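After this come two complexes, each holding subunit A, first together with subunit B and then together with subunit C.
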Partner chain A sequence: MSALIQSTPAAASTEAAPEKELRPPSYWPFVVPALVVVLAIIIFPWVFTIWMSLNEWKVGSPTTFVGFSNYLRLTSDPRFLEAVGHTLVYTVLSVVLPLILGTLSAVVFHQNFAGRGFLRGVFIMPMMATPVAIALVWTMMFHPQLGVLNYLLSLVGIPAQLWVFHPATVIPSLVLVETWQWTPLVMLIVLGGLAAIPTEPYESAQIDGASFWQVFRFITLPLIMPFLFIAGMIRMIDAVKSFDIIFAITQGGPGSASETINIYLYSVAFTYYDLGYGSAIAVVFFLLIVLLAAVMLYARQRMLWTEIASGA
Partner chain B sequence: MANYNISRRTLLKGTAAAGALGLTGVPARAEVNWKKYAGTKLEVILAKGPRGDNLQKNIKEFTELTGIQVESEQIPEQQQRQKVVIELTSGRPSFDVVHLSYHVQKRQFEKAGWLADMTPFMKDPTLTAPDLVESDFSAAGLQYAKNDKGQMLSLPWSVDYFILYYNKELFEKKGVAVPKTFDEMVAAAEKLTDAKDGTYGFVGRGLRNANMTLWTNFFLNYGGEFLDAKGNIQTDGPEAVAATKLYQTLLTKVAPPGVAGFNWMESMASFTQGRSAMWIDGVGWAPPLEDPAASRVVGKVGYTVVPAGPKGQYSATYGDGIGIAAASKNREAAYLLCQWVVSKKQGARLLQAGGGVPFRNSILNDPEIQSGVKMPKEWLQSVIDSAKISKLGLPVVIPVAEFRDLVGAALTSTLSGADPATELKKAHEQYRPILERSEKA
Partner chain C sequence: MTPRQIIGKIGLWLSVLVIVSPAILFFLWMLSLSLKFEVDNAAYPPVFFPDRIAWKNYADVLASNRFLTYFINSLIVTGSATVLALMVGVPAGYGIARMAAHKSAIVILIARITPGLSYLIPLFLLFQWLGLLGTLVPQIIIHLVVTVPIVIWIMIGYFETTPMELEEAALIDGAGRWQVFRHVALPIARPGIAVAFILAVIFSWNNFVFGIVLAGRETRTLPVAVYNMISFDQLSWGPLAAAALIVTFPVLLLTVLAQRQIVAGLTAGAVKGG
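Our next item is the complex of A and B:
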């Protein structure tokens, strides 16, 4: 008993000394779960993908380390280079068109008119549908012989089009589907922005006799710019990795006219089972997305500076 | 009642076998012991389609017969192929029995050693019914199921021949005879095409990859062979160029606009709406063509073999089989299931509904089964005739998908006016290293 009493202060003092220097921050145990999850589902797969991309890694055969040869193969792979081009065209079109149409429709739906709520609801319906289901319906609408689109064109005297069935028109036609589905999203974001704009600038513009276009160009547009950037960013990320609509409608065809990086990546990894090469494509694809995002952020930064400069 | 049928059949067989064996003096115990693996549980992975449906619909009969419980799932073909490969690579597949597409997966499965050898099972009279013998399967089926060493790695389940579908009404209207050769087919298609009216002479797959299954009918009939003796691919030779020229002519001059993007679905839509007079595709489309709810050409469809080319007449053949995962712990029970899947009764059901064609001659040529076929007689005749001229429709290599994509893309390019020889050469240059890499590995 006495030993216990004597030893207790001693033990306490030896523990207390290092506690001051070495004790980790008290919050670290709370970080561990999140850290483990991030390591397991983000960092590890990434490192592993990079590792796979440095190997000749085919399902069913042994793997060998090959260094950067998968990346070198990319530079001389015409299908990959074409896919990069298709991805860029597809992305630019399916960001710009929904942005323009979404902004216009937001301006329209911001006005007060009868049945506005109902029409807004109708307008955002495409967004709620499943992309693959939509894609299958559009495929039949695009059918050059039996599709409803060519029938509608024939009513106004425009000759029948080949839509997704011709290499030259396939990407614009796919963008049409993408635009139809995602314009409402842009509209919703911009509508939120419009609701947040104060009314004073409009009143003074009215007093100064500004035209509708001037009001839109010099008041509305600058004020909703941050919202447009958000919408643009979301659209860009969605469009660049778009898969379901393209895959369900054309599978990258006709030929390889609508084969984006994502579609090609899918073929390489899951149809050809060439995981090493597929991983190399995935790494390059990731870098491309980072690059695009960086360009957008840079543009945004610049825009803010000019806003401030012109405002001052 | 179903149970009664089977036991009666088994009894008859057993009696016959006993009689035959009695003459040779061997003890008459050579009867399949169906119940031996009662209580076993099997997992089956199936590609979605009439074959899978036929299995799932009647699986209770198998369980009654053997006492083996079967869990099965159907997944769309493309996804099923991926899932199966990924699981088999892992070494611990979740299934015992696998439905495979020979024309895509044969070589890959053999090289990786994913399937259990069935040869010893087939020789074991306590496991194999006497009517299931190798010689009953068609040549194409055995070519698909056996490896280089002659081992049976799966049982051939259903074969897909390519046949010519034609619209009798359009043919009569224009006074055109059913073509017997490629030249006649082109001439007929030209006569049947009336662009102003919106009807065309020919329709078929133009979409990359899918189009290869059509093109190979032309390639084979121009005397083409996919591989030479050393295993080099030969799809840039004169036969391939001639076949591609025919393909280009048909699909650009006498086919509906946009055919470059057509798979079987769009082609079938055009044909069932009476907008195309001829269609070459797999034999399995008779049910939708004869379904009044989906087709405007019910009762007007003619069925015949693919016309002859200058160097012969073949029907490009594809097929699927059913095999046992080498990693399965229930191989014998799995074998009983495979055997039941390709049994006479199941095969008859498949054929009679038009959902597939069994590889077994004893089913296809059985007059009683033939009389129960619900499809038109002409369809059945085209199947029987195609069986006689069947030839494998794709090269037996591992990178089949790359082959279909690259040569398929070349074909699609010719539909926008590119030169067949140049395009084939280009595809060939791209494909050769891929094939070499896969054979080397």
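Our next item is the complex of A and C:
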């Protein structure tokens, strides 16, 4: 036994020796420049944000260390709490709607038809286009008197809406833009999933005379679930952080009806220049995103377990 | 073709039409707005095909000398941020893939989750201390927050799929690490670099939030310039839509031309900065 233990390191070193000759210096020099950049523009801001959040830090006045009081202030800031609510509503809608529409679109794009590549390029244009430019056109389309959307509604007999100009409809209207913009990303991810599905289950389903809906519900959907989960996760991260569209169309208005955490963070940091408090919001905001991601992972795990338990 | 197949074909084309039309109709309406005189843009019911075409909307936008400045600013910021990101990110992706240092990619995932504004607060202060505000340098540097993770992420994925045999053969022949990278790995990775380049250009070009804080009157990029136009002349839709279309046109063109690369890149990493 002791001989075995003693011989192991020696054997390992003789084995590793010839390999070492084949493995000259190391790959570190390739990584160092990027490491410096990442440290300076990504890691440094993270650390510095945490430090600032512990200080009373306003542009133009001296800073003082205040411990966790910025965080305590958050718990009794009605505008922040309201923003959390807006963010959650906005996020849930902006995840669910693109997931449904994106999956349906992927099923269509999975078929073979002429001009498929080109039309796929057209289909993904909304998510690649400059968000501010798009927001500007949507603002014109939402215009209550001259906007084309109210005209289209009038064609089918629906009364004119105030869209982003009314507190009750502003978030659904922004979600409409977000859904229009990001359904293509879900479509692409699910389309990748569809391409990876084997054909056998479909063949046997056809022999058994399953309907289109049955095939989708019991074969396609379970098989693309991992891809839907990834799409949902990415969508959640982007929707929570959504800024350009909301800022350019409503700036959080009317009043504060569409003020999400990100928009509120912007005003605190760069309208009031309250950088300490803004940093605290940024930290809590980041933790909230991590929490949401953890909840989604947990839900997915639970789903897998119940599937195994039920023998599916 | 049996009747059933014909119905299936018609159904397929109808569904294609339904899912593509929101994108097509939106951009056609954008084009229509940008080519109409104010009378037509303010008409109700809306005019889809105007009798007279207002080319002057485009002429007005392009003729204003500021717009040219902002266009050049955008070119400089996006160009520099993309080239710098490729210079550090391509070797890094190579190194990480060859060392199989997958844990380091976690930094990139966390960077993906972090809200863009939380980079802005500390870097804004840093640029202020360094006296860089008022130049394009802060925007070039902060756009690296967008471009560097995209490039590293895509290049890790790409170098992992390229074969090692050629590199090993070159090493045995006595080539150095750097030579192997430069003459063996890099040429093979060209398609991956193209994907990284295209996505970095698009997400940097589109970026708005960094510019709105860091740009001064002379240093605006196009998205910020267009946003500022909204607040100034809310009512002249023609020139506004024309400006919006000019800003986003390069990206739309790239999307249709390089859709294969974009799809590959987005489904591989789905990395978006900010």
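As a working rule, the second predicted complex is superposed on the first by the 253 of 312 C-alpha atoms of A that agree within 3 Å, B and C clash if a C-alpha of one lies under 4 Å from a C-alpha of the other, contacts with A are read in each partner's own complex, and residues count from 1 in each chain.
Definition applied: contacts are C-beta pairs under 8 Å (C-beta built on N, C-alpha and C of every residue); 3 or more make two chains touch, one makes a residue touch a chain.
Computed from a predicted model, the values in this text were never measured in an experiment.
Within the superposed three-chain model, A:Pro62 lies in touch with subunit B and out of touch with subunit C [touch as defined at top]. When the two structures are aligned on the shared chain, A:Gly252 is found in touch with subunit B, with no touch to subunit C.
In the superposed pair of complexes, A:Ala133 makes contact with subunit C only, with no contact to subunit B. Within the superposed three-chain model, A:Phe218 lies out of touch with both subunit B and subunit C [touch as defined at top].
Judged by the number of subunit A residues each one touches, C leads among subunit B and subunit C. By the touch criterion defined above, A:Tyr298 reaches neither subunit B nor subunit C.
By the touch criterion defined above, A:Leu146 lies against subunit B and subunit C together after alignment on the C-alpha atoms of chain A. Applying the stated contact rule after C-alpha superposition, one finds that A:Asn262 touches subunit C and leaves subunit B untouched. Once the two complexes are overlaid on the shared chain, A:Phe270 sits against subunit B and subunit C alike. Once the two complexes are laid over each other on the shared chain, residue contacts for A:Ala160 go to subunit B alone; subunit C is not touched. Residues 139-140, 145-146, 270 of subunit A touch subunit B in one complex and subunit C in the other. Residue ranges on subunit A touching subunit B, taken from their complex, read 56, 58-62, 78, 139-140, 143-146, 160, 162-167, 170, 250-256, 267, 270-273.
Of all the residues in subunit B, the ones that touch subunit A in their complex are 78, 82, 85-86, 89, 108, 111-112, 198, 206-209, 256-262, 266, 269-270, 273, 275, 398-399, 401-402, 405, 409, 412-413, 415-416, 430, 438, 441. Those residues of subunit C whose C-beta lies close enough to touch subunit A in the complex are 12-13, 15-16, 19-20, 22-24, 26-27, 29-30, 33, 41-42, 44-46, 84, 87-89, 91-92, 94-96, 98-99, 101, 104, 107, 111-125, 141-142, 144-145, 148-149, 152, 168, 171-172, 176-178, 181, 202, 205-206, 208-209, 212-213, 222-224, 226-227, 230, 237, 240-241, 244-245, 247-248, 251-252, 254-256, 259-260, 262-263, 266-267, 270, 272, 274. Taken together, the subunit A residues at the contact with subunit C in this complex read 22, 24-31, 33-38, 41-46, 48-49, 52, 101, 104-105, 108-109, 111, 113, 117-126, 128-134, 136-137, 139-141, 145-146, 148, 151, 180, 184-185, 188-189, 191-192, 230, 234, 237-238, 241, 243-244, 247-248, 262, 265-266, 269-270, 275, 278-279, 282-283, 285-286, 289-290, 293.
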